[in-house]
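Chains here go by letter, A, B, C and D, matching the order in which they are written, and residues are numbered from 1 within each.
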Amino acid sequence: MNVVVWNENRHEKTNPVVSDIYPKGIHGAIADFLREDNIFVETATLDEPEHGLTDKVLSETDVLVWWGHKAHEEVKEEVVEKVHKRVLEGMGLVVLHSGHFSKIFKKLMGTTCDLKWREADEKERLWVVDPSHPITEGIGEYIELEKEEMYGEHFDIPTPDQLIFVSWFEGGEVFRSGSTYQRGKGKVFYFRPGHETYPTYYNKEVQTVIKNGVKWVNNNNTPTPVYGNAKPIEEIPEKK
Amino acid sequence: MNVVVWNENRHEKTNPVVSDIYPKGIHGAIADFLREDNIFVETATLDEPEHGLTDKVLSETDVLVWWGHKAHEEVKEEVVEKVHKRVLEGMGLVVLHSGHFSKIFKKLMGTTCDLKWREADEKERLWVVDPSHPITEGIGEYIELEKEEMYGEHFDIPTPDQLIFVSWFEGGEVFRSGSTYQRGKGKVFYFRPGHETYPTYYNKEVQTVIKNGVKWVNNNNTPTPVYGNAKPIEEIPEKK
Amino acid sequence: MNVVVWNENRHEKTNPVVSDIYPKGIHGAIADFLREDNIFVETATLDEPEHGLTDKVLSETDVLVWWGHKAHEEVKEEVVEKVHKRVLEGMGLVVLHSGHFSKIFKKLMGTTCDLKWREADEKERLWVVDPSHPITEGIGEYIELEKEEMYGEHFDIPTPDQLIFVSWFEGGEVFRSGSTYQRGKGKVFYFRPGHETYPTYYNKEVQTVIKNGVKWVNNNNTPTPVYGNAKPIEEIPEKK
Amino acid sequence: MNVVVWNENRHEKTNPVVSDIYPKGIHGAIADFLREDNIFVETATLDEPEHGLTDKVLSETDVLVWWGHKAHEEVKEEVVEKVHKRVLEGMGLVVLHSGHFSKIFKKLMGTTCDLKWREADEKERLWVVDPSHPITEGIGEYIELEKEEMYGEHFDIPTPDQLIFVSWFEGGEVFRSGSTYQRGKGKVFYFRPGHETYPTYYNKEVQTVIKNGVKWVNNNNTPTPVYGNAKPIEEIPEKK
């Protein structure tokens, strides 16, 4: 399995709080713990040519992990189109935290993906609401994060195919914080936590969920549909 | 539309806190506000013959509302079987609060319907997660109840067909508190609030949701499937 | 309820087979039978200024019905954006037949919406797979159309929220031919039949389904979510 | 992974057509091809003590495969209860063909699980409608079976969590022939083909689907929910 962790990598360059927490960048931190499971991982960032997502890279990627926040608009439409096409062809996609507002996630969802938010060092509890789902393997009934940014409903997404986590926040909000979607041959997993000013991606349970998510969205050899004009009726035995 | 509000009606007989809040019983309170919408409503209770759910009553009922708590085990299997059959035939069912543990709800769900609970006068906020659903007509982004019993995940139900409300509780839990299910020709709506020691069923927004739910589960003249041995292949034109 | 039936209206201008079947256009035929139910209906077509979908028209429309086929590319992006916004705000959308490839449907779905097709005068049977759904009111177990264009799986759509009809075709294919989706406050119903060279929209059961669909997608006064920065934590009582 | 293939094993004893096709019983044929993937497989049948499903066997079983047809009523309630409990605890369940009418499947579904059927040597095509699902790995766009029993809609099941296959039959019917359900910690996969008088379980693509299904329902170490009275509010830091 070839995984690419994509990160906007801008907060890390301008905000010392973020670069202190993530000296190798958010992408570096995520790549590090994925590699613990012997997954082959590369990284790509916004400021690389073609955002690091060349045709070659995309064609060889099984799973793409996406973190973006303040520079969604700088992601080129043509790269978004290519990533979209690859997801429909079967490339898995894991979208993290503020990636909810990325062009690729909005394009796959068909909605605004808007939500409520507040930065107030609130406690978050991510409750498992589907304890049969492999994405929850190895964690407990809930994950507790002492401080996180709040994301609150309504989250303007289509009804998820599978809802796995629902978050509770100290200030009175809830959020559908782990959800999956099928798009073409591709599988998509959205996972909420990971504001850049908190060390969330060092949390072992968060890491477990992301590892599980990467494995879950990986698609091995499912059928490739054929579209378009079907064979003439004269060649269909049933019609004779 | 003929609605029957069924209530166990036991707390009302033994606990003055409950009978003070609901002098006409929980069923009486619910029937009262449903009648405001010119819905024809009757009530039925556990201690009536056949629990008030005779063949005649059931055959004429379009929507059944169910509240039960401490006497689920006293509901006769044969009545449960009849209600189950009527739901599959198209009778709507609205299950309230502790009705999650009723025989009829468990039979329709196929799971234990178990959950966490705590009686501690906690604030509850029911957030709307599907603002397109007619059950949310006329309410705001969330319903706030100053004091309620807590119900927490995991709620052992099948994945709902539609998830409409998610509750936040002061003590740190969340709950899928409004959900729908299709069973045969019947529609089922589960709605969480309504512990017997709180005046929840006088809350106008709670009333609006229950009114909406009753209308939503009401089934008018959808097709009746035919089951069993299909007509012989010789009579199928396509096969000739 | 204000309904607008939108039609590309091109086949009608160039193909006498089509204009003979639909002398008032496909939009005219659909508008006619919707009016039988005392629904207020107007029509709009591609060649009108702004495709007949001005800001004023859209703002006053509760439900939009969409038929397009060979000129999807001529629909202006800015009109698509406006329709998309209105759906998320709560305008219902009924997409018919070859409208599966319209810009608005693809944008709402996030997928290619591709499929197999064949024009061979095949028999179609649309089987009801959800006999609890109000869209099936008044019809039988299946709708049979003597001759229709074939649409076959795989249909590249997201998993529908509700799957109502599955079509059988003489030549060996099946198709998810009636499906619903929630997007923001809006409800979407896709219904397969209606190739321009067949008199499908005169079929009484097809008309019943479209009437039911128009009523089902109509949204009355559900909550309007608030997005963005939530109130400061200092003003949240729970946090104090 | 420990798999038990359960079979009623009655047709094999009385009908030479069946015993000629399946000399080792349907269970034997299924066990044989599962073992090709180095899965540890045992079998159990109706006429063994406790139907071969003792407490010890059930407690050690990760995935149970179920085939039954004419003797569903002979399966003891207490065994059904134990299997049900194990599914909710996380044991995977694959239900095949006429197992749709088994006590365990009906109990898990909450519906009659009724359907249409016809024995007329009809061609069946199982079309993949979710090409992202791991259960479809290694097969083509559809599986074609030259002769099978027909099962037709309406199939009285709850809306599946995931719909993977839809069957086309020569005589004019369709059927949701591959579907999944979450129940507690358990995953359930229903797969239609396999009438006892056809050599369906020797079909390589059918075998691939069943192998995939067995792997897909196997649950490894997802969280075990805690139910009941939650800790007192005084011990909840948020409430102080």
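The rule we apply is simple: contacts are C-beta pairs under 8 Å (C-beta built on N, C-alpha and C of every residue); 3 or more make two chains touch, one makes a residue touch a chain.
None of the values given here were measured: they were computed from a predicted structure.
Asks: Farthest chain from chain C, going by mean C-alpha coordinates, please.
Replies: Farthest by centroid: D.
Asks: Express in whole angstrom the distance between the two chain centres, defined as the mean CA positions of chain A and chain D.
Replies: Each chain's C-alpha centroid was found; their separation is 32 Å.
Asks: I'd like to verify one number: the distance from the centre of chain A to the centre of chain B, where each centre is the average of its C-alpha atoms, in whole angstrom.
Replies: Chain A and chain B have C-alpha centres separated by 36 Å.
Asks: Taking each residue of chain C in turn, which ones touch at least two of the other chains?
Replies: 128, 130-131, 141, 152-154, 159, 161-162, 170, 172-173, 182-184, 225-226, 238
Asks: Can the chain contact pattern be summarised as a line, a ring, a star, a complete graph, or none of these (other)?
Replies: complete
Asks: Inside the complex, what are the residues of chain C that reach chain D?
Replies: For chain C paired with chain D, touching residues are 125, 127-131, 141, 152-155, 159, 162-163, 166-169, 172-174, 176, 238.
Asks: Mind pulling up the chain D residues that touch chain B in the complex?
Replies: Touch residues, chain D against chain B: 88, 107-112, 114-118, 120-122, 150, 152-154, 156, 158-159, 161, 170-173, 181-184, 225-233, 236, 238-239.
Asks: For the complex, which residues does chain D have touching chain A?
Replies: 90, 123, 128, 130-134, 136-141, 161-162, 170, 182-187, 219-226, 238
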